[in-house]
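Shared between the two complexes below is chain A, which pairs with chain B and chain C, respectively.
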Partner chain A sequence: MVQLAQLLVNGLVFSSIIILGAIGLSLVYSIADFANFAHGDLMTAGAFGALVAAGVLGGDPPTLFGVTLPSLPIPGADIVLFELPLALYVGILVGMAFAALVAVVTQRFIYEPLDAGSIELLITSIGVALGYRAIVQLGFGSGQRTYEIERTGRIEWLQDLLGIAVTPRDVIILGLTAVLVIGLHTLLQYTTLGRKMRATADNADLARVSGIRTGEVILAMWVIGGALAAAGGVFLGLDTLVRPRMGFDILLVVFAAVILGGIGSVYGAMLGGLVIGMAHELTPAIPFVSVEYSSAVAFILMVVILLVRPKGIMGEVT
Partner chain B sequence: MAEVADEATDGTDGTDDTGDTGERWIFAVFGVVALVLLVLLATGRITLAYLLPTVALVGMWALLALGLNVQWGYAGLINFSVAAFWGVGMYSVALFTTAGSPLGINQGFFVAVVVAVVASTVLALLIGIPTLRLRTDYLAIASLGLAEVVRLVILNERNITAGSQGISVDALFPGLVTFLDALFAPDAPAFPYRGLVDLLLVSIAVALVYLFLRRVHRSPWGRLMRTIRSDEDLAEALGKNTYQYKMQAFVVGSILMALAGVFYAYQFRYVAPGDLEPINTFYVWVAVILGGTGSNRGAVVGAFTIILIREGTRFLGGLGLGLDFAALRLLLVGLLIIVVVRYRSEGLLPPRRELIWPAAREDDR
Partner chain C sequence: MSRHVLEASNVDSGYGEVQVLDDLNLHLDDEEIVCLIGPNGAGKSTVLKTVFGLLSPWTGSVTLRGEEIGGVDPADLVRMGVGYVPQVDNVFGSLSIDENLRMGGVARESGLDDVIGRLYERFPILDEKRGAKARTLSGGQRQVLAFSRALVMEPDVLLIDEPSAGLAPSIVEDVFRNVQTVNELGTSILMVEQNAREGLAISDRGYVLDQGTVAYEGRARSLLDNPEVSQLYLGGADYE
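Take a look at the complex of A and B:
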């Protein structure tokens, strides 16, 4: 029982990562109307952006393309909150901004001039994915890194109370994800931009003739998708390691979440992310399946969904 | 059917001329490359022991590209698990025809071919059944997952596949090599007959597959494929079971990829899970879209470009500039995909006259 609760907590942490990736992927699917295979590598870009920023601001600059970056420590960079130094919190924000910028630049210079159907965009996005990863690999090498935080181990009183091992890192990942998801919900439901985005996702032509500047909406979508992907990437890096392949490797799981939730539905993506994340971490509890196959479990779930209900949980019926 | 009509007019209303000059230009480039290779060979800069296996590899990649062309070029199916089907072919050889097989089965070449065909068909059906009734992008996503699962299984089921350690493969038809050696140059053992035999065998396979696909592409089946690709609703309105036809194209393409894997195992003589990395899938994609989607000639031309990328980056990596050539390959493949889709979406050798039945073409003139 305790073991199951432990797996559930681990599952929640992993779900957070998947949800953050799945929201952006789902937004692109509904508004730009293509399966963006570069989304995983956008997560990688954000994770590395945060790594660079945290290093520069924390006084331990990384080497990029063979050049050591300058050290610009911010005051109080070493103040540690929930295991993470202040520099890394700022780094997360920088990483989010960086990934948003990368997404917008890619849209502006690659997807927008293409002016083609969703299939051409899909194939182009594979090229973009390989390009992102190649640049990260050329810049940082193909090795793995960490955010170099001091791991303090589990929270004692939770361990005593419930017998569940939870690290402060887990708490911060869950907390920040909750903040981001609630923020997105507020944006989508209660602001003009959110209404415009929902209108464009629903029917782009109708939105355009109603006077919505869909170009702006698409930019906003890339900014939001990129920023959330970056947050997911950083959390993935905190949970595991920061590697050039991290995003591409997790892309399948994120896609599984999007399909499970119903392609194009942001709230479906959140729900799908939760289920897939849980399934991914609960793999050890499934008899006869070894841990190496956790992404295979996500894949099997996806195939079953495609067979039974291809529109997903929250997908439109039409 | 609409597309067929378009292609026919393309052939007659002047665009054909520009197509022909473009094609001439491409063949000129290949002529120059061949000439340079001959000169390098004559001056001893490269050896036959390098050239023959490399050209044999071109044939192997051509088989892969022809397979993907059936799926993407004929039927418009996006398959991102080329490497998985390729791996199925490789491991059919490694597990069923080698002395080092963990299964302890050591049969011949034809057993490997049968296993490869059966296994790739089963795998194609498994992934095709849930996805081929849905929009094209579902297959793209699911096939990417399939590739990962196949790779994970091969990597982790160590007692069946030897895992990351890989399996050495015996040479194909060793008797043929000794026979050639004895026939032509018993005194000059330096001649790379192994490469020659590999090249001969793969050339025969490519030629047979090419002729088969050319015939099939012009047949009613091929016309229906092109109709499905350009307007699936139209094909359904004509009463065709498009799911069934797409499945046929998917299975045929997958079998060709597995056959390429069989040849690769014998050429490289070693298989490992690393061969199933997604990058190999995207090489084949570059070959097909660069060569010309739907064009069999294009697929073969595309195979040459893969070898150029691979050997070119290896050369750059060997210069000792500290360049990570795996990353360079990724970058090149990525950029090529973006650039080709943007600037030359029809590819270098788009299918034009080759789709028209020869007799009908003569009537046109």
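Take a look at the complex of A and C:
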């Protein structure tokens, strides 16, 4: 029982990362109408953006393209909240802004001028993904890094009370994901921009003839998708390691979440991310199935659900 | 300056390399209902798309109160007082009725709640179902919502593409009554209609399009009474 509870916690943490990646991927699909294979590497870009910002603002700047960046520590950079220094919290915001900028620049100067169909854009996005990764590798090398945060261990009272190991960074990942998901829900449901985004995703032509400036809405969608991807990338880096291939390696699982939830449905992506993430981490609870098969189990579950609901759990729900 | 509220002069237009409109001339005056009729493929919907900036005229001009609007982005035309109700997919199915109306008014700077309130009074069915998703509406109710969405901007000119398409005959009458109501409130209407007799019956003037150009034009009544128009365009297999 305790082991199952532990796996559930692990599943929630992994699901959080998948959900943040899946939302952006689904947003792009719903409005720009193509499967963006560069989305995983956008997560990587955000993770490295946060690494640079946290280093520079925390007084321990990294080396970029062989040059050591300047140290610009912010006041209180070393203040630690839930295991993470203040500089990293600011770094997360900078990483999100950086990935949003990368996404917008890519849309503005590559995807938009192409004016191509879904398949052409998909192929182009593979090239863009390789481009992102090449730049990251040139800048930081191909090795793995960490955010260089000392682990303070498990939260004692949770360990004593429930017998499960939950670290402060698990709490941070879950808490910030919840904030971002609730924030996105509020934006989509209760703001004019959110309604415009849903309207454009529903019927871009009708949105245009209704007076909605769809170009601006699409840019907003790239900003939000990029920022959430970056948050997912940072959390993945916190949970594991920061590597140039980190986003690419997780992209297939993110795609599975989007497809399972219903392609183009933001809420479906959230649900799909939760299901895939949980299935991934709960695999050791299945008798005779070892952890090495966790990805296979997640994908088998996806196929089974799609056989029952071919359009995904929330297909056609924007 | 043109005395017409809307005017298309010597317009050629089409899709890609395919020309559909050929030297088209038509106009719409204040507070008129003008109906475009013609056989399938005559270019009726292409006229509306060209006027509304969804297609750019290859040659010729489209003017709104004398100002050139050919190729102007639809989002800008909405702000200039032109509304458009497409033939199909004319509501946001995943949005509520209230959200549909609000999307129709994104370009309004003020008075959005007031105008939506008046639309709810005029069309109580929308008020009753304001929180329901638009995809749950019947065909006739969707058409009412599509009109209303376009009316939130209180346009001077409304372009309507086949308002009766796909609707049961019992509902078509209601739809045409709504078109007349909108017109009586001061909106000039350029309407494409496959139900030619019914469309002309509520219109002031009409144009008969054939192969992308105007074959006949005149008062709606005289077109209905014209034996040649009647035989060629009102009594064929295309019309019920």
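Simple rule for what comes next: the second predicted complex is superposed on the first by the 311 of 318 C-alpha atoms of A that agree within 3 Å, B and C clash if a C-alpha of one lies under 4 Å from a C-alpha of the other, contacts with A are read in each partner's own complex, and residues count from 1 in each chain.
Rule of thumb we're sticking to: a residue touches a chain if its C-beta (ideal position, glycine included) is under 8 Å from a C-beta of that chain, and two chains touch if they have at least 3 such contacts.
Every value quoted in this text rests on a predicted model; they were computed, and no experiment measured them.
Asks: Of the partners chain B and chain C, which touch A:209 in the superposed model: first, second, both, neither?
Replies: second
Asks: After superposition on the shared chain, which partner residues are touched by A:117: those of chain B (first), chain C (second), both, or neither?
Replies: A:117 contacts neither chain B nor chain C.
Asks: Which partner chains sit in contact with A:163 here, chain B, chain C, both or neither? Use first/second/both/neither.
Replies: The answer is neither, since A:163 touches no partner chain.
Asks: In the overlay, answer first, second, both or neither for which of chain B and chain C A:303 touches.
Replies: After superposition on chain A, A:303 lies in contact with chain B alone.
Asks: Between chain C and chain B, which one touches more residues of chain A when both complexes sit on the common chain A?
Replies: B
Asks: Name the contact category of A:175: first (chain B only), second (chain C only), both, or neither.
Replies: In the superposition, A:175 touches no partner, neither chain B nor chain C.
Asks: Do chain B and chain C land on any of the same chain A residues, and which?
Replies: After superposing on chain A, no chain A residue contacts both chain B and chain C.
Asks: Would you pull the chain C residues touching chain A in the complex into a rising list?
Replies: Residues 52, 54, 73-75, 78-79, 84, 86, 89-95, 99, 102-104, 106-107, 149-150, 153.
Asks: Which of the residues in chain A end up touching chain B in this complex?
Replies: Per the touch definition, chain A meets chain B at residues 34-35, 37, 66, 110, 113-114, 116, 118-120, 122-124, 126-131, 133-135, 137-138, 141-142, 248, 251-252, 255-256, 259, 290, 292-293, 295-296, 298-299, 302-303, 306-307, 310.
Asks: Once bound in the complex, which stretches of chain A touch chain C?
Replies: Chain A reaches chain C through residues 192, 195-196, 198-199, 201-203, 205-214, 316-318.
Asks: Okay, in this complex, where on chain B does chain A touch?
Replies: 76, 78, 80, 127, 129-131, 133-134, 136-138, 140-142, 144-146, 148-149, 152-153, 155-156, 278-279, 282, 285, 289, 322-324, 326-331, 333-338, 341-342, 345
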